[in-house]
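Worksheet: one structure, shown below.
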Amino acid sequence: MIHEECGVFGIFGPEGTDAAAATYYGLFSLQHRGQESCGIAVNNQGDVHVYKDMGLVSDVFSQPVLDSLTGRAAIGHVRYSTTGQSVRENAQPLVTRYSKGTLAIAHNGNLSNTLTLRQQLEDQGAIFQTTIDSEIMAYLIARYRSQTETVEEAVALTMEQLEGAYCLLVLSRGKMIAARDPLGFRPLCIGQLGDAIVFASESCALDTVGATFIRDVEPGEIVVVDKNGMRSLKSHCHGRRHHCIFEYIYFARSDSKLDSVSVYEARLRAGRLLAEQYPVAADIVLGVPDSGLDAAMGYSMASGIPLVRGFVKNNYVGRTFIKPTQSQRENAVRIKLNPVRSSVEGKRVIMVDDSIVRGTTSARIVQLLKKAGATEVHVRISAPPFLWPCYFGTDIPSIDQLTARQHSLDEICQMIGADSLGFLKLDSLHEMMGEKEKHYCDACFSGLYPSLDPAAENGLVYAMEAR
Amino acid sequence: MIHEECGVFGIFGPEGTDAAAATYYGLFSLQHRGQESCGIAVNNQGDVHVYKDMGLVSDVFSQPVLDSLTGRAAIGHVRYSTTGQSVRENAQPLVTRYSKGTLAIAHNGNLSNTLTLRQQLEDQGAIFQTTIDSEIMAYLIARYRSQTETVEEAVALTMEQLEGAYCLLVLSRGKMIAARDPLGFRPLCIGQLGDAIVFASESCALDTVGATFIRDVEPGEIVVVDKNGMRSLKSHCHGRRHHCIFEYIYFARSDSKLDSVSVYEARLRAGRLLAEQYPVAADIVLGVPDSGLDAAMGYSMASGIPLVRGFVKNNYVGRTFIKPTQSQRENAVRIKLNPVRSSVEGKRVIMVDDSIVRGTTSARIVQLLKKAGATEVHVRISAPPFLWPCYFGTDIPSIDQLTARQHSLDEICQMIGADSLGFLKLDSLHEMMGEKEKHYCDACFSGLYPSLDPAAENGLVYAMEAR
Amino acid sequence: MIHEECGVFGIFGPEGTDAAAATYYGLFSLQHRGQESCGIAVNNQGDVHVYKDMGLVSDVFSQPVLDSLTGRAAIGHVRYSTTGQSVRENAQPLVTRYSKGTLAIAHNGNLSNTLTLRQQLEDQGAIFQTTIDSEIMAYLIARYRSQTETVEEAVALTMEQLEGAYCLLVLSRGKMIAARDPLGFRPLCIGQLGDAIVFASESCALDTVGATFIRDVEPGEIVVVDKNGMRSLKSHCHGRRHHCIFEYIYFARSDSKLDSVSVYEARLRAGRLLAEQYPVAADIVLGVPDSGLDAAMGYSMASGIPLVRGFVKNNYVGRTFIKPTQSQRENAVRIKLNPVRSSVEGKRVIMVDDSIVRGTTSARIVQLLKKAGATEVHVRISAPPFLWPCYFGTDIPSIDQLTARQHSLDEICQMIGADSLGFLKLDSLHEMMGEKEKHYCDACFSGLYPSLDPAAENGLVYAMEAR
Amino acid sequence: MIHEECGVFGIFGPEGTDAAAATYYGLFSLQHRGQESCGIAVNNQGDVHVYKDMGLVSDVFSQPVLDSLTGRAAIGHVRYSTTGQSVRENAQPLVTRYSKGTLAIAHNGNLSNTLTLRQQLEDQGAIFQTTIDSEIMAYLIARYRSQTETVEEAVALTMEQLEGAYCLLVLSRGKMIAARDPLGFRPLCIGQLGDAIVFASESCALDTVGATFIRDVEPGEIVVVDKNGMRSLKSHCHGRRHHCIFEYIYFARSDSKLDSVSVYEARLRAGRLLAEQYPVAADIVLGVPDSGLDAAMGYSMASGIPLVRGFVKNNYVGRTFIKPTQSQRENAVRIKLNPVRSSVEGKRVIMVDDSIVRGTTSARIVQLLKKAGATEVHVRISAPPFLWPCYFGTDIPSIDQLTARQHSLDEICQMIGADSLGFLKLDSLHEMMGEKEKHYCDACFSGLYPSLDPAAENGLVYAMEAR
């Protein structure tokens, strides 16, 4: 599984707004972006309170906890950790007190110059209590704040130091500030709920709280909300966009629209493109739940081959689910994903999924279908193969674990036991996005990394091999 | 929502079988049949231990608890309660000690003569600590046991007293006994896992634990498993079958095959029949997750109208999910079910669901689609309207709350704000089941109740109005 | 450690009485009588609700739970289990439904004819879901109830079947019934709180809830409280009393007065008697906390040897306290009980404790004192040695584990490393009780068991060797 | 109640030392110093891991958690919070990463220049995530560390900035450092357990883990332990001592010896002094549990008036104990503390307690005794009256809430309903300590605050009125 690192939600409303409740439901709809920890910070007439813990939104927050988080403005966060640092200390939002007051910070993304910034700060006497980038941002904002009139200016100066992907929400005594990195890797949109302004990683969170979509935050934009309303700082807007393509392929919810592109439609188009690029004689098309389902639908539409339900997925996996032991391991996949025998028995099957990472899970799923009676299994992947590391917040395994790096297409096809295999072609991604030009980052597939470095050719630099 | 009352799972294996672990995964795959409480009883060399509590399987059982449940035979249970009796005392399996030893009992179903039996037993001095039918069964088995050579004979005598629907698993010192009521309302099947015999409410549980399907338990059959193998008592087999049709329409998992009928295929056929019975000019077909999805697929196949994803359902609802307050209630449906705007905007939509109970939820869902831009919403229900009470374990609201009882089809269509409405026709249910003859119970739709009463015409009696 | 099995509390008040809250604090003050499980049953206008679980009163009951237990009458129970049956099923009160309604039952004590009664009931078709005597009592009351006009008459008939020690509280639709066995082994008293009647195992519970002590329930008495007030049935009162002497020595709280004897004063007298019976030249007297402290005070008063604090006991032992591993075992006693070095260093010490069971704990405590610098340790035990089993609810180890049974006084003295050892003399127990005649049961010391058998000489029978 | 702020424990041993287990039991024995939160940090071959949470040691740490804390060196902390900041973020030890590695810090005490230091650090760009002094210390150590060869030198430089009371344990990659403020307000001692060195706030913790007492850390001393053994930095040792007198009167456990004075003996002497200073004709002496018991013993010894048990204290108060409502409030004290009627009935009573803060609790206790039949109640307090604020870590209420500040002795006597009242005389405190000279801080009684300011007369400065 490829994992996203985070989702953020924020709301700034007039007196009487139940900011914590809205943030609760907003985070609940962003839960797919991070299931490890979550938190909500509220501003209660200048005092900032935070509650955060390991676990799902619906497990961490009880009614009494929510009731204790009074205030008209709040930011919230859901997190998935990519490293061993799955500890409570790393949950967000991060609340810090500094010379000018208190700040709560939540962010989604990944800085690519973390180590450098951290070293610089430590050399100046900083101490770190977490391993998250938010703490670096908090330090920088605190330092620049002494030179600036406003928090947003300090955020702007901070952004000059940051490299990489980030969507940032900052809650101060009287303001909420949202900022997006200059290349716009991670999504962030703005909505309106009555007189309140809402920020969310995905538009589905706006729908969930009943807010109306206003617009996306622009790459590089700093949006400030306070009692005087909303305004923008665009000093870091360079007019470029490199949205992470994997948001559309896997991370985001189908009902979200990110930077004007419907996630569901992108997935349908990916399926259609696969049907064009890899046609095959077959009886049925099926998707691997949940993320392969939309592309399978597109494949079926384009090919005319009927779509069937291939699997039933068990969604009752609680946080204390007991994993099967080695001897039961054969059934490990089946416990969560059981094929519908009557769909596939005696059929030539086209199976659509969104990625092959190490290949072992794909191999097991193909085997399940064959055991259930499929005579052929043709695997279609709604993304190109992973070949390069991501420095912008997607948790792709290290290069030497990437199957597609080590093996030819034929080898992979054989490894997973498929009768044929096709990955979405790299040069058709813009079609998937419904765009003529390339406004996305596909570095994990292409090895071409977006950069603001003026020396970068067409704004892209080649991959460094070492991660 | 219409609720099932229970699911059962049992395994009897040779020395060394980890019966509790298999039961854990078996129950996990039956979780859709009951989310209120669950339990596992094991036979550890003659001693019966039980662990049960309120909650999901993955919340109730931890590794240490599972480790403490050693033994080669086990029965398990998941429960949904239909009354206010959602108390720990009512969790199953029920373990009782009586003159001949210890019994653990788990059952799925509902007796229709509970009150009579209870009164008779109380008059003879019985005391009751729960409000579940299992306790009545335990008393009867204990009493008959003094007159019989074996437990299975006591079970057979007990069955003479029981009226209604039940699938029963009994774990004694040296045996496991499975029994199914003479009309076979609730499903129960037999599988093999290595040298162990497995019983489960649905075949998907056999798949999940890696067992091979052998056959269904026959209506009225008593199956006994002990160290000498498996054998049958067929004294209560009358050659009749009245399987609950709602198992196919709603309760069971799509990947299960119950009494030789694939649930998934039945649902596909229901969708196809709806397309034939209620054709309409439309742009797209969509299903209401999760149970309307299969029938929607069938409707699309038969009509040629493309199937799209209409909604994203949020599956992260934990047991402590905080329900929206009145002021947020408008969004209550949306929090769990958000429409995919890009699918439905500007489209004439056919929306397939499995039932309309009170009508309020359907009205909200139709409204969501219209707000998302659907120009027309044609509702198709993959079942006939509910008109009669169920005495066999399905939790249908009381008659006066059934919309279809109070209102004409047109009125309901208007109430839910649909542009047209069609319920699957009662006389096509056998086609849905893929059968020429009627081997099922459709009393909740037809008012004709299966009965063993010799006076019953064609084995059916008319509805009593009062529930 | 010797353990008591239970404590009970009940309250029956006028409309508006918060019976559950009073029971909560009553049980809290009886917590020393049982820390394994606890429960409260309330009568809410005829409906009986119960909440019970493993754990301490303050852990099991939260404010919401207590709030849900509305009603003007309640009974409660704290339990210590003497066998392996430390399971939730065995928590009390036991609530049963029978032909005439619902009963909640809680009892303290131990029947000596459990097996016989159980066998008889099982032969008549009874099934048992617990291993507690209350279930037997519930069956008997239910059966006799069909022959009687009132519940209390059924209780009276039931008492004819019961042998052994019991204090019983029964809560029915309209009444509360308290009953005490004819020999009065276990304590039970009556108090008044406003217009409410209160029952409690010990008078300290009356103090805690602010009730005034009225009187003790007489041995054999059945007290009935309903809307018409309180009345007595004395059919089982034989004018005899055999109060368990160990309630005074160990079980009860020092601030309780049981059957007109102050526990604290009895312990003081035990200490005084020890000083007279076993004088020794020493510098200080100290008691082993908590139960040796009062007798140590008495020893000091009588001997004139100064009383000092010998140990600090750590009371922060929560329910999840991690026991030391084998390698840390040497400190196991010290973790809970650390000597005050400055008290004992260089001193000749008289150490007063309430019992020696296996001798290992005493040996460790003596060793702690010697390591802390005591030059001599003279052990004085405020009870005679245990020689016989108890059939009436005290958890004394089986005979072959009783040190005093296997070894002479000198041997025990040597085993525990003491410089001298004295047990309170058997024939001075009536002095400890402040009585001229013997109104107590001392069978565990004397082997003479109280009996209602007319053949019993002076109402006592000799010990049976086998337990 | 007067509260201490903290207790610390540390152990540094050879390979194979189970440092976390020793720290667990050490903290358990220091639980009386803080019940709000606790934590343990271990050094596992250079990696520092911490686990901390709100709650008692025996609730926070389970066996799996303890097992996960592997390492040969550990520091631990128990905390009581004096402010509203009872939040998880403030639990200790605090773990920070800085330019030279990782540090875990735990401390007991209170800086008197917190605000100044914090302001200075914030002005230099520091951000704070907690409100505890440890975070300030961590920053200072991190900053000085860039100028020094070793961590201990950075600690020494840090100490130049710190004013007030502190005992500090620092765990770095290869060392453990213990430091005590130059006036030695809070206790800290050194022990040996096999080849391991142990630090603890009180000697009772050494006893509990089986360690041998070596010596106290000197005021101002920095003790360093690493693989080469133990050594001292004494640059901050000024040869002065101002140990907090309230450690002896109330905070510390009776079995501890702090800076060569036995806590138990100091309390005995306080009682003896009270008997000399305030003799009265009475029948009995009793102490208010737990902290008045030792002084009551001393009073009895000196006066010859017999000591009795006056109260039974209920120790089963778990963390979720439900407080009585207003209507039950009268019994609030009695629920935890019930008088032994048979002790006090008809008696003239001397009641010894350790302090009167607001007077309300004392009034209730006196009332309990009178209701239980005491004819006279003479209150003796084993400390002088509180008149001044504490800046060194004792949580004394603000001046205007101190009864003794607002009222004369006679008024207080009347307020609490006593027949006479005596506070230990200020000028006899050195006798209580068994010393000729004053080596303690009694500022809360005397208003004379120890200071290192060269201008301070005799090392003492007068009280500032404002807190």
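For the reader, a short list of remarks on this structure follows.
A, B, C and D are the chain letters, set down in written order, and residue numbers restart from 1 in every chain.
By our rule, a contact is a pair of C-beta atoms (placed from the backbone, for glycine too) under 8 Å apart; a residue touches a chain by one contact, two chains touch by 3 or more.
Predicted, not measured: the structure shown is a model, and the values here were computed from it.
Considering every other chain in turn, none proves to be in contact with both subunit B and subunit C. Taken together, subunit A and subunit B share no touching chain. The most distant chain from subunit A is C, comparing centres defined as mean Cα coordinates.
One simple way to say how far apart two chains are is to compare their mean CA positions; for subunit A and subunit D this gives 49 Å. A straight line joining the Cα centres of subunit A and subunit C is 61 Å long. A separation of 37 Å divides the Cα centre of subunit C from that of subunit D.
Taken residue by residue, subunit C touches two or more other chains at no position, since every residue touches fewer.
Contact annotation for chain pairs lists A-B, A-D, B-C, C-D, with touch applied as defined.
Across the interface of their complex, subunit A is touched by residues 21, 24-25, 28-29, 31-32, 35, 56-59, 61-63, 66, 204, 207-210, 253-255, 257, 262, 264-265, 293-294, 297, 300-301, 306-309, 311-312, 314-322, 324-325, 328, 330-331, 334-335, 338-343 of subunit B. Residues of subunit B that touch subunit C in their complex: 94-99, 119, 122-129, 138-139, 142-143, 146.
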